[in-house]
């Protein structure tokens, strides 16, 4: 019964870290299939991602976690271990645009992500049919100024009841409150339709059109309570010319948005992202 | 004696513009080799670049200009005509970094640009040898808070005496005063070492490093009196990762800077750029 | 009743071509909104695309065609005129892979293409449901060695009865016979999953994997009777590393395939492609 | 006295490899600053690059090499260790084109590479001045059909006397004989001016122009005795259109050539390349 364990760990750098980690993997009968390590020389911080295969009949998952807990404690490290057979549980928030949702659902059907999409939450009903075509539970919560806090609390409960690990904002046109965000630190992935930090806030394509840039972009980042300021996971760009109208920018941009968001979700689903301060280390 | 004429013209759009322009070219015995036209549907503005070959023994340059002057008057158009055998006269401003200057001089030696580089002006002496290797006149003006206006006036005189058409700021680390800029409207090309409008002002690589972006850029634009706000000519980007230190960003960025600035100068030297408001039309 | 006419024309280059074309457009009360012209200096061939708006109440479509027929005759030109309100009629051929079909149908629903998709033909039944979700007629023809000619004749009849203008091979895993191809010259658009001319023929991702390239590509081209040798419309690439398995190449590649094929179809639907010999001019 | 050691090692994969390697680094008082590992699941081969800092007063370089020799022996591994303070010794072969040589010399002056360029060899004298501007020894060997073997033997002797580690063919227009190549296995870096395996052999830009591709490329690879078939180190591409003449392709292509070759040399100078069969693993 082969399985794969993936360790993400960060701590203050010192000698012997990789040695002690790989020693433990060796003692746990693991065969490393991928190991990547980064040292930030300014912060003298150590970051590592190690993936190893092991036989679950010989080595118990909880035992692996226990031993790494001891080691991480010794290093005063932040860490997590995930197993390939335990898919991350994902909720997707949407409004009216279908391109990002469609992309994620289609890719997931082709097994590009190692995730389970448990539910879709929307403040509109437009994408109910799309959700149902893929047999995923769709929840509609009509929000307004007065009920926002109450709705968010219902959503938090729903997410927790379903043991959601990751929330994807697939062009969700509402700003989440600090109370919501603090429940899911570095677990909410957003797509912003500009090359951040250019064109923060609303209508970035209009801003880009008016500024006359020659390239537009899209940025996927974790959500924090500073608007469009969270740690960036992935960005990409596309070239435009004076021939492109604002409508053309929106059309070209939505190709970027769905590809960049899909790549960010892929990285997350493969446990490749470590957050440190306002930055990500993407292995 | 074959020559090529290049028309750049913009005016309010109406029926018959291309017809009347190409009729005149035909009557002037020209053979169009390249024609590109753009209509801005929001501003209802018309932009055109037409290049045609003609025999100077049969058609006089001044006669061409005269007839187009009449037509442009009829259209209330902004316009210019340039001839391939009259090279644009370029001055380059530099400080200490050599990469942009080196790139331009090397490309010019290989005849990539149809320009004449008449002089190099610097507030430092570091690049004198490089200028001299390419046999180009090098002027050093040491500037400080007190003499800035006076030095700029000397520079303006020097540029005018040499009939300079285009000024290239090849990582020139001084901000030109409004009095200087207004002497050369849409004729001063700058390279900014970021993907504008992200990271305006000083130390853009440091800003990019601290923000944790996954892509850095460079932007070439015409200089106006609003810092880093002039019409953008060309931009490009390069991917970075958490492995890249601030020093790596600077090294990768200088490749971008020199390529983007060289492309902007190429476009300018081929008379491909029209400015309208804060934007460029690049044919 | 505003409409837009789009002329594509090519002929031997000589003086006055643009003038005579734009004169006619002017006399037909057209307002040019886009004009692009190219002269091949080696072949001395002239290529033009002109788009103009006109009022159908004032100018009759057939009258436009008649007058241009006379002019094209004078130039000994190849030419066609299309009108924006007459959508190109498209048939899509597929086998089992859904990514290209899904992409085209989704984009078409969002009105990115100015086309009508009339029917989908397949040698398998896998994509019937997808076709039906978008309410498009799906035809299944089971082909084998013995019935290939007969089936192709049925398909040709079906395409002609439906007045199909353009055929898109969206990862159709059959080679069309010369008899089929000659019925639709420069009207069959294929996507090949490599950066042509690298890796022609079968299994290009396997070929790329074994060669150890650092970049893979996709190529959309018109089909001729030389395999993978038709005029190229559009290409794009994506970077890979030693970490990418053959399966990763296939996953990354299918993103390319659907984007490149969609771009080629967009160019075709906007009447931007002229074929000359083995090459395309894409305006 | 801080130094950095860099290990490149490959062997058949098995459990405990990273553990045993990092254990030894730990016992040698090294602090790992970069570690990257790859397992080829089809070949079950293990590849690793580890860089660590150490104090030369405490740990002797030869001692490091001795202990790793024992370990590599145990693994039946191919391996090498290099030290940051021992620069790779480079010879550059050129003919008449200056762009690649100019790029490498300029970057090296800015310390982008951790190398020593000891000599330049050419079958022409055109680039002697450029070599001398950078104070590098220039050797001219006029070759013809009759003296090729003799000249190559002189060159081999010259390279060996100068303890050359790496040979860069910077658009060297001669094909090296098998006898020459076998002296420097995986140590001769070439730049080919196409996107290999497209357009092998002579005149790739002409081939690309005639085929009508929309993208051109350049490829840097190690030289083997099969023309343009050696392990690929780095590739890049640039977009072209029908507007680009063959001359434009050459101009655009030389930008690619110099950047791709420079990147390959950078990777080599940082000991980031492992060769396995016809492929490279680039860490």
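Per-chain residue numbering starts at 1, and chain names A, B, C and D are given in the order in which the chains are listed.
To be clear about the criterion, a residue touches a chain if its C-beta (ideal position, glycine included) is under 8 Å from a C-beta of that chain, and two chains touch if they have at least 3 such contacts.
A quick note: this is a predicted structure, and the numbers were derived from the prediction, not measured.
*Asks:* For subunit B and subunit D, which third chains touch each of them?
*Replies:* A, C
*Asks:* I want to compare two interfaces, B-C and A-C. Which one has more contacting C-beta pairs?
*Replies:* Taking the two pairs in turn, the one with more contacts turns out to be B-C.
*Asks:* Work out the mean Cα position per chain and let me know which chain is farthest from subunit C.
*Replies:* D
*Asks:* Between subunit C and subunit D, two touching copies, which fits better, same or different residues at the interface, with half of the numbers shared as the threshold?
*Replies:* Counting which numbers both chains contribute, over half are shared, so the two copies meet through the same residues.
*Asks:* So, what's the distance in Å between the C-alpha centres of subunit D and subunit C?
*Replies:* One centre to the other, that is 42 Å.
*Asks:* Centroid from C-alpha atoms only, then distance subunit A to subunit C, rounded to Å. What do you get?
*Replies:* That pair's centroid distance is 37 Å.
*Asks:* Using the touch rule from the top of the page, what residues of subunit B touch 2 or more other chains?
*Replies:* 38, 41
*Asks:* Which subunit D residues qualify as touching subunit A in the complex?
*Replies:* 13-19, 22-23, 25-26, 29-39, 41
*Asks:* Give the list of subunit A residues in touch with subunit B in this complex.
*Replies:* That would be residues 38, 40-42, 47, 195-199, 210-215, 217, 231-237, 241-243, 245, 278-282 of subunit A.
*Asks:* Within their complex, state which residues of subunit B touch subunit D.
*Replies:* Checking each residue of subunit B against subunit D gives 99, 102, 106, 110, 112, 133, 251, 255, 259.
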